[in-house]
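Sending over a structure as structure tokens; questions will come in a sec.
We call the chains A, B and C, going by the order they appear; numbering starts again at 1 in every chain.
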């Protein structure tokens, strides 16, 4: 059994060092590896959908409706005779791209906000954090419903809404971590050497707050997948005939008795997706920050 | 009780086979001596209940049990029958004299129903420019009382559909005294009516009505109390009925009806309705080069629609395929399918597309938040894709949808409407006249035909005029009709005396009782 | 601590102003006209204008906001355009229902997570610990509406044990205790499962933390105290983050009920906002978001307070 290396006190903030350590740590986290593999599989399936999916996910074939799972249709067919398995794979494109874009959006909006707030402090901090507070107090799903309802049911609006909901959470976390490292020796040293705030923030602080960011982003991702499903369930999300896991669930609900596979398949894949992301996040947290096992994981909003 | 055992087992076997979502349903509650009814209706909170402000479906379902109309529609015979108005005459083309019933009392001690109330109510509509000014009261020039029980109306133009449209749809009268004393707002929340039931309490999604002790019709209503609950989800609503959490529901998911019909504890009542599903094209202000501006393309779409498939897959048979806007039994009716085959004709559709020289195109089609319309649009999109047309679907919520639809900022919509009065004017004018708020069509020829049919007093001549309007609609296809959907109620088998209605919200419960 | 609390409380109105301003701008900046929706296709221009005037919608945006906030300060949240009722009386109908649903979901979460978390921490790597892990993992992953539909199918339809609807009806309120509790059971489980997962996981890990502290290990090793006292003592310490989290989650619950309210026909806050959005009922959207936000803010302050009260080491 190899001795687990704690991050060496001499080089606590060298990003390369900690990432190498993290890379060594990560595979030891069995659940995280399972999560990673599953997630990669789901993403690959979605990316390669046109080649993998046995059928056209939107082509209606009434003669083949409500067929139970068979070799011909691995997960059966729905009420319009569409292949559930193919819809699942294509639906992954919707859900995962929502997840990815919300992550990007939350990152682009939340991280600079958090960095600025944490680094400059004072009035800027106070102002930005009140703004963040205000966004945080909005019930996320309701804000998303309001935005999508008001802006129109386009998938871009869904992403915008979910990103807006998630960005403040991230900003909060980044601010906290920035506050913690801003007075550290190397930052003061850099400042004494005449480095400007932009340089300090980008080259010294950002890399040192990366680990909570990465962990939070996994949470943002899974929250976005579930929130997209909830919105689509309520009829505010993805537009038909475009397959979406949440919308397919709401459609399948009428057939829960006659065709349970229609309901089980999207429910199962959402669970699998969220699970694997959670496992991945756990592993990343443990690997990136050896101290993190004590701090309670920031629990995200966004479940609904 | 051997017989019972067998039926129950047979029923259980039936449910196992299809594994239905509804379960078997409990044995109905003991009916003996029950005098209250729990009704589940479609929709969100109950809003306005006053007939002088626009009301929604769930509001209408309640409102028509609080108020009696001047006239009532005999849905079976398709005729207008006296109610609060005993008789009406048309001494000259521009005058209508309405004789009112005597001795009708307003609820909660607000005095007698008289001609003054009718005058007050119609003048209120006209002064407040209410929604009725557009639909039922548009021909009214002046209203005055001639004594306590006679109303004299002068119209701006001869209006043949006066009894059905003006006295029918516009004939739900408010109490002048109560309205003045309470104010418009308070009155609309808890109106004082002259009908069989009065409001006891109202809280959000629940309204309790109780018997009006002063009701003018002897022996009615038969129930003491009705509790209405608005339940937005159709599956939940029906499940709640089958679990005995409710006694009567409207707008069930038609998918479940085949199963519910097997359950002898419940009654399914499905009446061919005054509701249409239709596609509408914006011919007023869509882009001049929009392919659907070509009438051949619109005809091709109409040929590409398999209306029977819509009836079967979306409404599970609880609808009637039709290609025109006049339903059975009404003035101008000739048949459900006049021009287009009910299973569609793809060959013809493709020919028309070729003839139009249109290869295929993409168009955004919007619809509102009614889930059946969303499903229908999905199916219709698949049908037209066979002739090369791609429908990009956009399901809007009510707010966004109305904003686009009523301001004519759309290319194409899928919508449904309910006929408000038994006259073809109600389904034609507002959708086809250049000045109609729901119209995406603007053609002087059509406007002339519609105005002419409206002001003609001779019903025989009107019939011919509506035939022409229908023929023109079928040829030009500014709207493509899909089907008439049924108006469906499901209730406990011990609930007796319900009179079926084709009109979505005129469900009267005054004759209903437990038996 | 009191100073800290004072400062937090002073910030509340500030945050609420930002919230209300954002809500206001979102509603006004987007397409959809409440008056048109209300009056429908048959309306006349004059009637629409009269109605706009009645609700101040004909004024400039700053004026509209100023008028609204001026009334809010006096406790008047305006009147619903669609329902014609004061927003405050709508709130009086809806808020209690939402609170009851949130409370029942939280009660479920506490009932399950406390014993499960404690036992899992005491018997690490036992079957019950794995069961606990499995439950929390699944609880995190399943969307609450999916769980709700499965529970309805099994317990209401197939087994016929529990009702589907009934929350907030006169029948429920006027009935006995069981009539009152019955309709809450399935929605509470569906809504509270996520919170159960969060809280169980948290309690388990903080129990393990406390139990592995030096003084606890010594006390246990020396047999100084009976096992039960140790558990009670450990639990007391582990409860600090737990209670905090429970308070925060309770604050969230009102905002995440929408799907559950829809499925179970619950007349709560979420469905009211949903309907208001659909109908562009601006006063209701504004009033309700304000209250939901305020509720959430106070839940957070309460969480901080608990934290300070339970753990004497914490000083603000």
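Convention: a residue touches a chain if its C-beta (ideal position, glycine included) is under 8 Å from a C-beta of that chain, and two chains touch if they have at least 3 such contacts.
The UniProt protein names, listed by chain, are A = Glutathione ABC transporter permease GsiD; B = Glutathione ABC transporter substrate-binding protein; C = Glutathione ABC transporter permease.
Keep in mind that this is a model prediction, so the values were computed, not measured.
Should one ask which of B-C and A-B has more C-beta pairs in contact, the pair is B-C.
Comparing the centres of all chains, each the average of its CA atoms, the largest separation from chain A belongs to B. Chain C has its Cα centroid nearest to the centroid of all protein Cα atoms in the structure. Rounded to whole angstrom, the centroid-to-centroid distance between chain A and chain C, based on C-alpha atoms, equals 22 Å. Per-chain CA centroids place chain B at a distance of 38 Å from chain C. Centre-to-centre spacing of chain A and chain B amounts to 45 Å, using the average Cα coordinate of each chain. Counting partners per residue, chain A has 149-150, 152, 253, 256-257 as the residues that reach two or more other chains.
Residue positions of chain B with contacts to 2 or more other chains are 21-22, 369, 397, 399-400. Each of residues 31-32, 153, 262, 274, 277-278, 280 in chain C touches at least two other chains. The residues of chain A lying in touch with chain C in their complex are 130-131, 133-142, 145-147, 149-152, 226, 229-230, 233-234, 246, 249-250, 253, 256-257, 263, 267, 270-272, 274-275, 278, 294, 296, 299, 301, 303-304. Chain C makes touch with chain A in their complex at residues 11, 14-16, 18-19, 22-23, 26-27, 30-32, 137-138, 140-146, 149-150, 153, 194, 198, 202, 205-206, 209, 241, 245, 249, 252, 254-256, 258-259, 262, 270, 273-274, 277-278, 280, 285, 289, 292-294, 296-297. Residues 31-34, 36-44, 46-47, 50, 79, 82-85, 90, 93-94, 152-153, 156-158, 160, 163-166, 168-171, 262-265, 267, 271-272, 274-275, 277-280 of chain C touch chain B in their complex. Of all residues in chain B, only 18-22, 235, 253, 255, 309, 313, 369, 371, 374, 377-379, 381-382, 393-397, 399-400 touch chain A in the complex they form. The touching residues of chain B, counted against chain C in their complex, run 21-23, 26, 38, 44-48, 53-54, 128-135, 185, 188-189, 201, 203-206, 208, 227, 229, 231-233, 236-237, 239-240, 243, 245-246, 369, 397-400, 402-407, 430, 437-438.
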